[in-house]
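Below is one structure, written out as structure tokens, with a few remarks after it.
First chain written, first letter: the chains are A, B, C, D and E, and each begins at residue 1.
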Amino acid sequence: MSAAPLLSLEDVVVRFPLRRTVMDRLARRPARAVHALNGVRLDLHRGETLGLVGESGCGKSTLARAVVRLLDPDDGRVRFEGQDIAGLVGAARRGFNKRVQMVFQDPYGSLNPRMTVRQVLHEALSVHRMRPRAAIPGRIAELLDLVRLPPDSADRLPHQFSGGQRQRIGIARALAVEPDLLVADELVSALDVSVQAQVVNLLLDLQGRLGLTVLFVAHDLRLVRHISHRVAVMYLGSVMEVGDTEALFSAPRHPYTRALLDAAPDLDPARRTAVAAARGELPSPLAVPSGCPFHTRCPHAFDRCRTERPVLAPRGPAGRAACHLEGFGAPA
Amino acid sequence: MPRPSPALAGGLAILAALLVLALVPGLVAPYAPAAFDYRAILKPPSFAHPFGTDNFGRDILSRTVWATRVDLQIALFGTLVPVVFGTLAGAVVGYYGGWVEALFGRVVDAVVTFPFLVLVIAIVAVLGPGLFNLYIAVSVVGWVFYARIVAAGVALQRRLDYAAAARVMGYSTPRIVLRHLLPNAVSAAIVYWMTDMALCILLGSSLGYLGLGAQPPTAEWGVLIADGKNYMNTAWWISIFPGVAIVLAGLGFSLLGDGLADLLRPKR
Amino acid sequence: AGAGAVTRGGIMTYGRYADSLFLDPVLNDANVDIWILSNLYDTLLLPTDDGKGVQPGLASAYAVAADGKSITLTLRDGIMFSDGSPITAEDVKWSLDRARDPKEGIWNFIDESIGSVDVKDPKTVVLTLKHPDPAIVAGLSVFNNGIMPKKLVEAMPGATLDDKAKAFAEHPVGSGPFAFASWSRGQTMKLVKNQHYWRPGADGKPLPYLDGVTFEVLPDDATRLLKVQSGELDGAEFVPFSRVEELKADPKLDMALFPSTKVAYGTFNVRPKLKSGADNPLANVKVRQALNVAADKDAIIAIVTHGVGTPMSSFMSSATPLHAGTGTEFPADPAKAKALMKEAGFEKGFGFPVLVLAGNVDEIGIATALQQMWADLGVTLEIQQVDNATLTARFREGDFSMRLGYWTDDIADPSEIASYFGYYPNIQAQHSGWNDPAFNTLFEASQQELDPAKRADQYARMQAIYRDGPTLPLYESPYPVVLKKSVHGFLQIPLGNNIFSGASLEK
Amino acid sequence: MTGVADTRPGALAVRGLRTVFASPAGPLTAVDGVDLDLAPGEILGLVGESGSGKSVTLRSLLRLVRPPGRIAGEVLWGGRDLLGLRPGELRRVRGREIATVFQEPMTALNPVLTVGRQIDESLRAHTGLDARGRRARGVDLLDLVGIPAPATRLADYPHQFSGGMRQRAMIAIALAGEPRLLLADEPTTALDVTIQDQILKLILALRARLGMGVILVTHDLGVVAQSCDRVAVMYAGRIVETGPVAALFAEPRHAYTRGLIGSVPRAGGERRPLLSIDGTPPGLGARPAGCAFHPRCGFATDACRREAPPLAAVAPGREAAGREAPGREAACWHHAAVAAAGIEAPVPEPA
Amino acid sequence: MVPTLVFILVVTFVLVRLLPGDPLSAIGGDHVTDAQVAQARAAYGLDQPLFAQFLLYVRRVVTGDLGRSIVVQVPVWSLVGERLPPTMLLSGMAVAIGVGLAVPLAFASALRRGRATDLAIRAGAQVGLSMPVFYIGLVLLTVFSAHLRWFPVGGYGDGWGDRVYHLFLPALTLGVSLAAVLMRSLRAAIVDVLGAEYVDFARAKGLPTRVILLRHVLRNALISTLALLGPTVGSLLGGAVITESVFAIPGVGRLMIESIYGRDYPVIQGLTLSLAVTVSLAFLVTDLIQASLDPRVAR
């Protein structure tokens, strides 16, 4: 994987300033901001599936939105095939979005409740002139087949579908413009396990058949492990560790990754523990701790962790971790 | 197609009946609305005049029926511009948010704090009395309420994933606002519209009391009620029947509003 | 109300349709004030109860010089302001000088003929006139010539006399039968008996009989009457005609219809071109006459006044001195109306708007009836309700086709109505643009004519000429006042003045 | 069919529980004849797909289903039928003997009342403590569920708490009446894994300390594996399989359970298709005849389409172990075939 | 608030001067000659260019001087000071009555949803909404004052107790339509809140029904309905214009109409300004109440 990455994030920073209320002004409280992304550096290679995990609020969705240009970074840049996407306007921007698509978490909110499946797909195909007018109905049928929706679903409204079927419609909409990169933000989180499995199977299948590059955002470690070639672990707006799936799961090199893995309930009833894997709660993204953001909960934290922010440094053959304990998790 | 709710059916039935009266008042009204009969002044309800007569000997039944046309017009034209313009303005405000929203907030403040009656009286005084100018006056103010409702709706819809999806699909802003967000954001405004139409009729009657509404001899429910004010003790029938008509119309609009609210609520 | 056994004491509460604006006799200009000011400020002469003549007031006697060019007034002995200070000749001169100053208020036209006011001795004041004025004696009984305490006004804070007068008017001290006590604007005004009033009552002791009068402001007609019916008020003005019958039937109430100089009429714009530049059919006297005879006054009286009014027989009321009409002016005659229209070349009719005062039930009633009556001529009348200010402004600019209105005399002399209705140089004959040289000449002559017979003849001719004038005479109507049966002696004279000095409450 | 009801205090026996919602389109049966047994101090996991009736079952136990829902059957709590109690008696059971914890602490806590107030009203309803005593107890309770500086947090509103703390607060409220049974409807689904882990450990610790039983409703088989003694699997308003956790996970006896377990990715199977269940659960109004699962089932035969299998013991000999370790039950005509198929084998397509 | 007030000031200033006629045409009536009009205009500075007039006005307003009424010749401050309290008391009582009626009715209606009580209450609300204010007022007056003699026929009274007594019927008149509006919204809110999970949780806690309804349901339902109250105050003032006429209350509503009809520029401007401030304050108060009921909007 030495070829140029398809997409790369370079020290991306995103902040959401909080609205100051009258009381804030009166009390002369300074303007505050949610630090959603604090300098994220990440590459996405052509044809791979990169899993992105982390606890709620750590910035996964923000990252995904920055990638598809639903928001612009306050600092740093996102490059697609080497080009800074922040500069794209008009037709160029539309062209970019044609190649980078997204599917969303919420099976209920991500489809316009008043548009039939046919209207949704027709709009995508015709706005981007994917097919001549006459060929559009045929293409719609193809797309439905691709995501394994029955052909008679075209004229139904979203509320007439189950959650899993809706996610398929979302996928079909994204695939209609034949993108290179598909960003899937918590695509299956809202679904039942059985339906999750259906959609995951579909995604695996499509990725192989169409050669898609996928950014798979999720908080379920088992799922991410199942679907990804590589995995990145985020915490409070920073990437803590990134590496090949197998290596990362079998020998995590960051205490946070370790804690996440330990906290995830194992399917095997025999492996019970009485003590919680991680202590404390997630700090507020309004006041990200200095130094290593995880130091407040890390059992291994020492003075340096509190003051100096560790950078993502190579660990092992194909991974990187942002931890001052270089030897953490290394095979003895 | 699901069975229409009782509210919707009831509302539609009432309004359809009123609409028929408005279109062909002659069907029910035995006399011309402005026809005098000096020999039958202030007569109580009788066979010849089922609702009685007023101080000009005009037939209250006929006037009440003919007034339907005027009042439905008031309801419609008094709200038409606010609905259309307010909806579009609200869409823009709701979509862009930020300083546009802040500015709009100021406008709302000003409109809500400004005594409405002053404005109406002023406009009527400048432009002359009559229904058309009444429409202008209520339109100047009314659009704000629709805009506020729609803006809130659009702002809500804008945050949903399907709006983000439309942007990721590379659709233009007008397409997103008009085709995607607006259809999902207008139902509250439409429901409010129904209430507003009833309120508009009522406003017409308050202004009629002040002489600023429909001009004589036009029969209009509010004016008819105001006409009967001095005869409450001696000729109650002058104002009772138009009063019933107003209540009925209000009921029709409000039922229709409730019914539409059910109907327009997007299915989940 | 028998004069024999009057009871004294008690406070009479009286419901008014609107509040006073302010209580200065010179600067104010509205009926809401004019009609009650005489209770606070006495004049040198007082109008008689029939409104047609004068009787002695603060002046116990007056003498007009033979040439008619001066008037000598003798002040009554022992007259005092309500605070007990004496009313002096200086106060009289000061008050009259202020009242006739053309820079003060709008009523100075009444005193236009006065050249100077001189104090001859502490009891005698002499008015020197610029020219003989048959109306000046009556003029001295008009509210704006009310006598005010010079010293107290001048002691008020304020840079100018106007400022002082305005400050004084908030807590006035006057010479009338009642003294100002308190005022909550828009709600109540309380007057109390002036302990120093000069005029004796039927029992020989000074008037008034009442301890005080309280005005309550009740703008809504129905509410005002309810308050009398429920016994909370002793009386109320402006009873809607539609309620007169009903109240007459109430055994506890006395539905009084005081004779008045009030006339209701329409005014046409008679200029050949309208403000918009369009031709004005109403400029044609035949058209106006056609409209006049097409309007059935009796029907209008039946509808609008519920039979209480009477048709006008001249442009002025029959209670106005020198009134000269007999019988209904322009009795209804549909056939003649059609003929006249044909003669005038308007066989097919035309349309024009009429301005009426917004919310005024009487005017709307009249207009609605006219609309119906004229429809037979092919005339479409469009009713436009406007507020008073708009009405006056458009009227003054000649920007109208027709308006409705009513008038009451303020002075017991026909010159006031004649000058406003017909004499072009004053206000263009009610702003109608009607300019009849013969009328103007007659009027000017009558203003200096001291011979009553000649003057009567001049007025008869003016009234005849005015039949081609700009108005649509409609009806005269009394002042409808409802009183409790226990109220005696209250009077509203034809000029509108509410006279409480003779009122008493039966215990 | 499950055996005789356990009448000991702290034991729960549910028999033939049915909950039906009236709707314009006809009755909707959300819970369709559920039998459950819970020994005192036992933790029972209730799993199943969304809409299978887990929450309604739980709410029906305390008659918390709102109109137009109607509940039938028996809920024997220490031998007393809760469905027959008068409102006043029921109130004394609710919160005092049986407490409830909901999934979304943000919506289950009243946003406009302080946490202290919400604990206080429970204490007021179920203890005789005076104001000072209640306050002291409130501090104790917050401390018990692991909220730092409890005395100061009593005055806070729910929105001032983090998600995990809210869930702890709700548990504290539930514990106010010192209940013998805790009904927990997805208490950790809204939480992050690390917090979920903490809360589950808390519940286990409290069970050990207070000896109360727990019914834990969840989607997550991992949660069941890590915290429950026994598990009941629901499908379309029925219990389709129950049994001790380890045994059931090792060898599912119902095709639905098998599909559920197979849908969860497991280490070693990366990027290979999962053992999913095709299709979607049936609607409440249109439950298929016979076994409700048959349209999605690869093992289905005509028998399944004809007749609904009863929930019956499937591991003979284990029943003798007694109530403390009731044996396995499944409602499947082909439980032997399912057990034989194992959880690794590819899915047979439904016929 | 300040920019809003400035905006309103400018609009009012321009608007009232667009009106046909001027103070003098309003008061002088038929008696005024053209010369007298010109003279009076000059005396009041109305002959100056509009902009100059505005500057002068603003300069004075900034120093707290609202000017003097042209028609009744009293300082605007004292006029407004006299007339504002009755309207405020009236509106306050109307709100109290409106809320007092709306809360129990909304509860009764929401708890018996779809049954006869509910339908009756909602139909009543519809009638309340559809009746012109002046008509309700006159009916109440006729029945309760004229016939039953329970209340005085209009007026304002002296002293607090008497005033409350006098204002009861007018406040009821306004309160009826207000109650109808509030009832509808509150009913919807209660229905919503009854479905909230914290109500289930409260029941699961074994709380008595009364506590659940008052502490949990009402309080939360009021929050959304309160948001409606602020804007209603504005329309309440509109309704007050007519109520004040019918019941002869010396309030600002009537003063406003009279001043507009009288073209009393300083009074119209002063009134608009003080009404705008009052309404803004009403908004502020509802915000504060809302904040006290809803800790989430506080901070």
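To be clear about the criterion, contacts are C-beta pairs under 8 Å (C-beta built on N, C-alpha and C of every residue); 3 or more make two chains touch, one makes a residue touch a chain.
Since the model is a prediction, treat every value here as computed from it, not as a measurement.
Asker: Count how many hops through touching chains it takes, at the least, to reach chain D starting from chain C.
Answerer: So the least number of steps between the two chains is 2.
Asker: Which is the least count of steps on a path of touching chains running from chain B to chain D?
Answerer: 2
Asker: For chain B versus chain C, what separation do you get between their C-alpha means, in angstrom?
Answerer: 44
Asker: Taking the mean of the C-alpha atoms as each chain's centre, how many Å separate chain A from chain D?
Answerer: Chain A and chain D have C-alpha centres separated by 32 Å.
Asker: Using mean CA coordinates as chain centres, what's the gap between chain A and chain B in Å?
Answerer: 50
Asker: Find the geometric centre of each of chain A and chain C from their Cα atoms only, then give the gap between the two centres in Å, rounded to an integer.
Answerer: Their C-alpha centroids are separated by 88 Å.
Asker: Among the residues of chain C, which ones contact at least 2 other chains?
Answerer: If we look for residues of chain C contacting two or more partner chains, we find 222, 387, 389-390.
Asker: In chain B, which residues are in touch with two or more of the other chains?
Answerer: If we look for residues of chain B contacting two or more partner chains, we find 121, 125, 209-210, 229, 232-233.
Asker: So which stretches of chain E touch two or more other chains?
Answerer: 19-20, 134, 138, 142, 260
Asker: In the complex, go through chain C and note every residue touching chain B.
Answerer: By the definition above, chain C touches chain B via 221-222, 240, 242-243, 246, 299, 302-303, 306, 357-361, 364-365, 367-369, 371-372, 382-387, 389-390.
Asker: Going by the contact rule set out above, which residues of chain B touch chain E in the complex?
Answerer: Residues 106, 109-110, 112-119, 121-122, 125-126, 198, 202, 205-206, 209-210, 222, 225-226, 229, 232-233, 239, 243, 246-247, 249-251, 254.
Asker: Would you pull the chain D residues touching chain E in the complex into a rising list?
Answerer: The touching residues are 59, 62, 64, 66, 91-96, 99-100, 102, 104, 107-114, 121-122, 125-126, 157, 159-160, 170, 173-174, 176-177, 183.
Asker: So in the complex, the part of chain C that touches chain E is made up of which residues?
Answerer: Listed in rising order, the residues are 21-22, 27, 29-30, 103, 106-107, 166, 169-170, 184-187, 216-220, 222-224, 226-227, 229-230, 232, 387-396, 405, 407, 420, 426-427, 430.
Asker: Quick one: in the complex, what on chain D touches chain A?
Answerer: It comes out as residues 49-50, 162-165, 192-198, 200-201, 204-205, 219-223, 225-227, 245-246, 249, 259-267, 269-278, 280.
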